[in-house]
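Each of the two complexes below includes subunit A, the first together with subunit B, the second together with subunit C.
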Partner chain A sequence: MLKLITPVMQVVEWPMRALQRVLGPRRLAWAFLAPNLVLFSLFAFLPVILNFVYSATGSDHILLRDRPYVGAQNFAELLNCQSYTDPNSCRIDVFWRAVWNTVTFVALQVTFMVVFSLLTALILNRKIRARGFFRAVFFFPVLLSPVVVALVWKWMLQDQGLLNATLQNLGFGTVNWLLSPGWAFGWSVFISVWAHMGFYTLILLAGLQAIPRDVYEAAAMDAAGPWRVFRRITLPLLMPTMVVVLVLALIKGVQTFDEVYAFTGGGPGSATTLVIQYIYQTGFAGTPRLFGLASAASILVALVLVGLTAVQLWLTRRNANG
Partner chain B sequence: MTKFKRVLGTAAALALLAGAAQAVELRFECAQDGNECDTMNAIFQKFTAQHPDITVKMDLVPYKAILENLPVDLAGGAGPDLAKVTDLGGLHKYYLDLTPYVNKDEWEKSFGKTLDWYRAGPDDHGIYGIQTQLTITGGFINKTLFDQAKVAIPGPGATWDDWAKASVAVAKATGTKYPMAMDRTGHRFAGMAMPYGATYFDDKGNPELGDPGFVAAAKQFVAWNQDGTMDKNVWAAQGGATYADASKEFINGDLVFYYSGSWQVQKFASQIGDGFDWEVIPAPCGPAGAGHCSGMPGGSGVVGFKSTKHPKEVAQLLDFLAQQDNYATLEAKSLNIPAHAGVAAAGVKYEGASPAAAKALNAFAAQVPTLSPVAYAYQGYKNNRAMFNITVTRLTQAIVGELSLDAALARMKDDLAQALAAAK
Partner chain C sequence: MARFLTRTRGKGGLHWTDWASYAYLALGVFVMFAPVLWLVVSSFKTEAELQHYPPRLLPYIQKTITLPGHDEPLPVFKVTRGDLAGQQVAQVRRIGLVSQVVRPEDPQTIVKVPISDRAPVERVALATTNYSKLFARFDFPRFFWNSLFITVVATAITLLVNAMAAFALSKYEFRGRGTVMALVIGTLMIPQTVVLVPLFLVVRDFGMINSLWGVIIPGAATPTGVFLLRQYMLTIPDEILDAARMDNASEWKIFWRIILPLSAPALAVLAILSIMWRWNDFLWPLIALSRSENYTLQLALNSFQGEFTTDWASLLAMTVLTLAPIAAVFAFLQKYIATGIASTGGK
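Right, the complex of A and B next:
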């Protein structure tokens, strides 16, 4: 192998040395970073800047030269509310319905996600029969496309779907799950937890396996009960992993779009419309396409996500520092 | 000899390159509706046979892509050369004016009123597109259920209210799940609103969603959704302005009366088969009286885009499609109602249409002359899609109880003002 690499390196060496002579060692580092920086600027920084520019312009034209400058008008419209807790009092009521739906969704989804992931991880960490099989089963939904997940559940839950047919065969009454705002929302949360739980379970499982066995052995010698062991050993030592799971789930929860959109379309009415769906519909699926309003809404969401990420970093560093 | 071979080879390569440079490939984006794209493709093959230097590459895309992605592509200058579109007026700013390349008088004579749907307004006299699919919204009934229930089918001149009463009676007598259903779009709702007197434009010609006729229809529609006369799943189970229909329920025999449109005929003919008898009813009337019994015209058309690098070839292709024999072939095979006056006058011999389908298509074709002027004006209005979407979003909120009907109507007014301001 070395015989192959050495001639290649000799070919590369000469231009590298020449470049270093011209640029100097410090600037050479920038030359190496340049391709990545160019790509990053093009596909990350530039869209962010464009998003800000769009948020300060109006009309349904996509080219910036055709879009009049409107200042903070888009933000003013979004934030124009008599009471932020009552979407009906807001100028753009659907945005605030989506915001409150997202807050409720995230609160429920993250709580259930963390609790069920933890319970599953605790069970899968025990020496149970067919442990490998069960680990695969819980992880399997993570591999599915969100749209597939949504369509499968929609097929089961629609008015004449599998669940209602089963209930009917068992002699129970049927429920129009997707027509009731409460049920549609509840099922959206459930499906989201079901689809993503495997990922967080895996992280928690890794965290559980990183806890030294001797601590448990010491607790067993002291005749500590299972609940006490969980409360005094497992939970505190798992806390850094739990924080990561919590913040990741929070960020992912705020970003939820595809599976709920494919499952309910945001309905009934706007009962399951989440904020990312609002942005998508306003900017791309509506007529006319209100790119400015959608950009402004996405900046507001980004601010929330930046806040959550800052919390994650702070908590992670605090945990790392003990 | 070697030198000769080299010269010959170079000459051959140059000839090939020159040929390649002259060949034009036109990209056509089409959403398949029945077999319309396939039929068009066959006609395009015929065109290529006559013009070997022009080929057409057809991209079959979902209808959603035409509605949502195509406008963004066009705005970004990355659209195809041609496409089959349904937002006829809304995409006007991207259309290629075919006037310099085609016989304008011939097109005016053939396509008359439908040419206006592609134009910017009354002062625009350009030729932009060919209406390949003229559709009309209308009602279908499951005749077998009426027969089984022994309920008389309401006759010509029957109102929406008459149909609702009859459908409820049939559903009750036969244990059918849903009496009525309507596609979830503002376009279909207009077919109900006009008989109630909806004008959609004020005296000065400004668009509005709140005239007395519109309000009366909205009130009735919300009430019918709430009391179970209408299948609530279609409108209420969705969010935003997402399209939904009840064709599956009708095909399965779970629906007595279905308000949709002529484009469903082919699907019903093939999927219902001899499962039950179905038929198209005359346009339902309403409180506004006999002159307002009208469905909404619509459909799709093929347009060229001004971003194309081959405007002449695009125009040649569309002109070929517009020729009476080609157009007649398209309509006969795709089972569409013709918008071409010559083809309509000659009559279309629908190929492979079952007796039920042919009867249904003729029933729809018979409604074309009675379409209300409001219907033509609304269909031709460039911002009508914004009005359709607002209607759907807000009426649904009223149906599910998120907003009162009054609040929903007030929101419609605000939304329309915002949309018109953005679309300037």
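Right, the complex of A and C next:
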């Protein structure tokens, strides 16, 4: 490996040495930071500012000089609703459908995710044989790409798929899983839990293993029952990890797009259209491309995410400080 | 229930909670593995076998036979009724409900058999036609190359750029270091999903839309990477650096001759994460690459599933080839991946 990079590094050495002579070794830090800062500025901070510009301008032009200023019109349009709970009463009903879909999706997905990863972590933390194998089994879907996850399950669930054949074999009727709104939504939640629970299981397992053994030994001395040990020791000591898992799952849940889009395409109708898909379709897939609306919608999503991330950072910091 | 949730069990035989645990794990193995296994097995089925309903677990191939006077290998059937009942015959052609067959001993005499009176002779075998078709009919190597190029180049850039930043933030005292750290944390708050429109403009202004570089560059600097590497570099003692400075080594030389090799474990974790992110990336490539010759494997996979008709035979094979590299990486580096992901929070 070192042999491979040596020529590149040696070429860079000359300009860096010259810079060092000019700046002195201390200020050379900025030269090391420069590439990262340039990338962050161009592809993270600048877009954040431009996002506001887009959200305040109209038309389907991408170039900013072609876009007329419209003030808060994009936001007003998105938020124009008789009642926020009823998408049909909204001017842009697809957006609100997507919002409510996302809320339901995240609520269900995060609940199942936390419950199943906790259960799995608790079981993996027991004295079981082949623990490494079982841990890997629950973990490997994390590595699969969202599109692969979607296709694996689509193949299971298609009309003449294995699941329908099994159901028929057992004497039940077959179901058009992805053409019925309720089932399509339910399966979307399922595959997303299936794909990601291994990740949270791993974090919870690490949390469980960090609980000192002597606490349990002391409890055993006091002849505390297992349920009591779980309620009074395991759960409270695991709480910080649980909260981190919860917040992380929320942050990722709100941003769900890939696997559901590849799985159902947002359908049937808009039954599984989530809010990121709305942004993608409004800004890029539909005609005309409504960049202003897409940006306004992403700012609304960003507000939620910034809130959640702030909580996450505060929690990690608190946990790190003990 | 109560015992079930607790951590330890008594010595001696298996408690019922152990049985419950193993039952849960067995169910887990089934739910996690079976769908993927089913996909892999299915990808080795012929198109005819894929149409078979109800589906059979193992892939079957119909036996064929090459007879004199016929150029193509002929499919073999077993006749179930009539004069030839019990005999194996080769089908020459099929017209409507009637199949024209010949006996292998007498390949010139055509006998007509109703198709309801014959059953295919099959054996369990892996059909690789779906895979060969991918290379013959689709531009699979190009998609594969695009994905590979993006993954390798992006990972190399990510490692270098993030290591440089981490080096500056861990080994130098300078004014503004706190501000830079705050900026890096700030970028954690800006996921790509919420800046798609302006990101498109910026990348377009650099002329990188519909270019693989437009996928590689925007995500090259990652706050996760900087944190991960900085945390590790903080543990490298400063005395080593000072000794090198005594020997008149330039700062750049210290960086790549000392810091980089010593940070190898952290670099490996970041490399694995980056490979995973890049290989599996979907939303940004979907926006940045609109011409099919630039498609990554993920985009190609997604576009192959038509709205109404899906060419499952090709799609299954392509899915397997898309997940194979990651599966291979996983098999070898399972432990590192798990710790890497757990220590960084995934992204």
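Here is the rule we use: the second predicted complex is superposed on the first by the 277 of 322 C-alpha atoms of A that agree within 3 Å, B and C clash if a C-alpha of one lies under 4 Å from a C-alpha of the other, contacts with A are read in each partner's own complex, and residues count from 1 in each chain.
Methods note: a contact is a pair of C-beta atoms (placed from the backbone, for glycine too) under 8 Å apart; a residue touches a chain by one contact, two chains touch by 3 or more.
As the structure is a computational prediction, the values presented were derived from the model and not from experiment.
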Quiz item: Looking at the overlay, what does A:Leu119 touch: subunit B (first), subunit C (second), both, or neither?
Solution: second
Quiz item: Is A:Leu179 touching the first partner subunit B, the second partner subunit C, both, or neither of them?
Solution: first
Quiz item: So, A:Ser270: does it touch subunit B (first), subunit C (second), both, or neither?
Solution: first
Quiz item: Can A:Asn51 be said to touch subunit B (first), subunit C (second), both, or neither?
Solution: second
Practice problem: Check the residue A:Leu151 against both partner chains and state whether it touches subunit B (first), subunit C (second), both, or neither. | Solution: second
Quiz item: Who does A:Val301 touch here: subunit B (first), subunit C (second), both, or neither?
Solution: second
Practice problem: Could you tell me if A:Asp93 is touching subunit B, subunit C, both of them or neither one (first, second, both, neither)? | Solution: first
Exercise. Quick one: classify A:Gln73 as touching subunit B (first), subunit C (second), both or neither.
Key: neither
Quiz item: subunit A residues in contact: does subunit B have more, or subunit C?
Solution: C
Practice problem: Could you tell me if A:Leu42 is touching subunit B, subunit C, both of them or neither one (first, second, both, neither)? | Solution: second
Quiz prompt | On subunit A, positions contacted by subunit B and by subunit C | solution = 62-63, 158, 265, 284
Quiz prompt | Residues of subunit A defined as touching subunit C within the complex | solution = 2, 5, 9, 12-13, 16-17, 20, 25-30, 32-33, 35-37, 39-40, 42-51, 53-54, 62-64, 119-120, 122-123, 125-128, 134-148, 151-156, 158, 160-162, 165, 168-169, 194, 199, 202-203, 206, 208, 216, 220, 225-227, 229-230, 234, 244, 248, 252, 255, 257-258, 261-262, 265, 276, 279-280, 283-284, 291, 294-295, 298-299, 301-302, 305-306, 309-310, 313
Quiz prompt | For the subunit B and subunit A complex, residues of the former touching the latter | solution = 67-68, 71-72, 75-76, 87, 90, 232-233, 236-242, 244, 383, 385-386, 389, 393, 396-397, 399-403, 407, 411, 414, 418-419, 421-424
Quiz item: Which of the residues in subunit A end up touching subunit B in this complex?
Solution: 58-63, 88, 91, 93-94, 97, 158-159, 176, 178-179, 181, 184, 264-273, 277, 281, 284-290
Practice problem: Spell out the part of subunit C that touches subunit A in their complex, as residue ranges. | Solution: 1-3, 5-9, 18, 21-22, 24-25, 28-29, 31-33, 35-36, 38-39, 42, 53-55, 161-162, 164-165, 167-169, 172-174, 177, 180, 183-191, 193-204, 217-221, 226, 245, 250-253, 255-256, 261, 276, 279-280, 282-283, 286-287, 298, 301-302, 305, 307, 312, 315-316, 319, 322-323, 326-327, 329-330, 334, 337-338, 341-342, 345-347
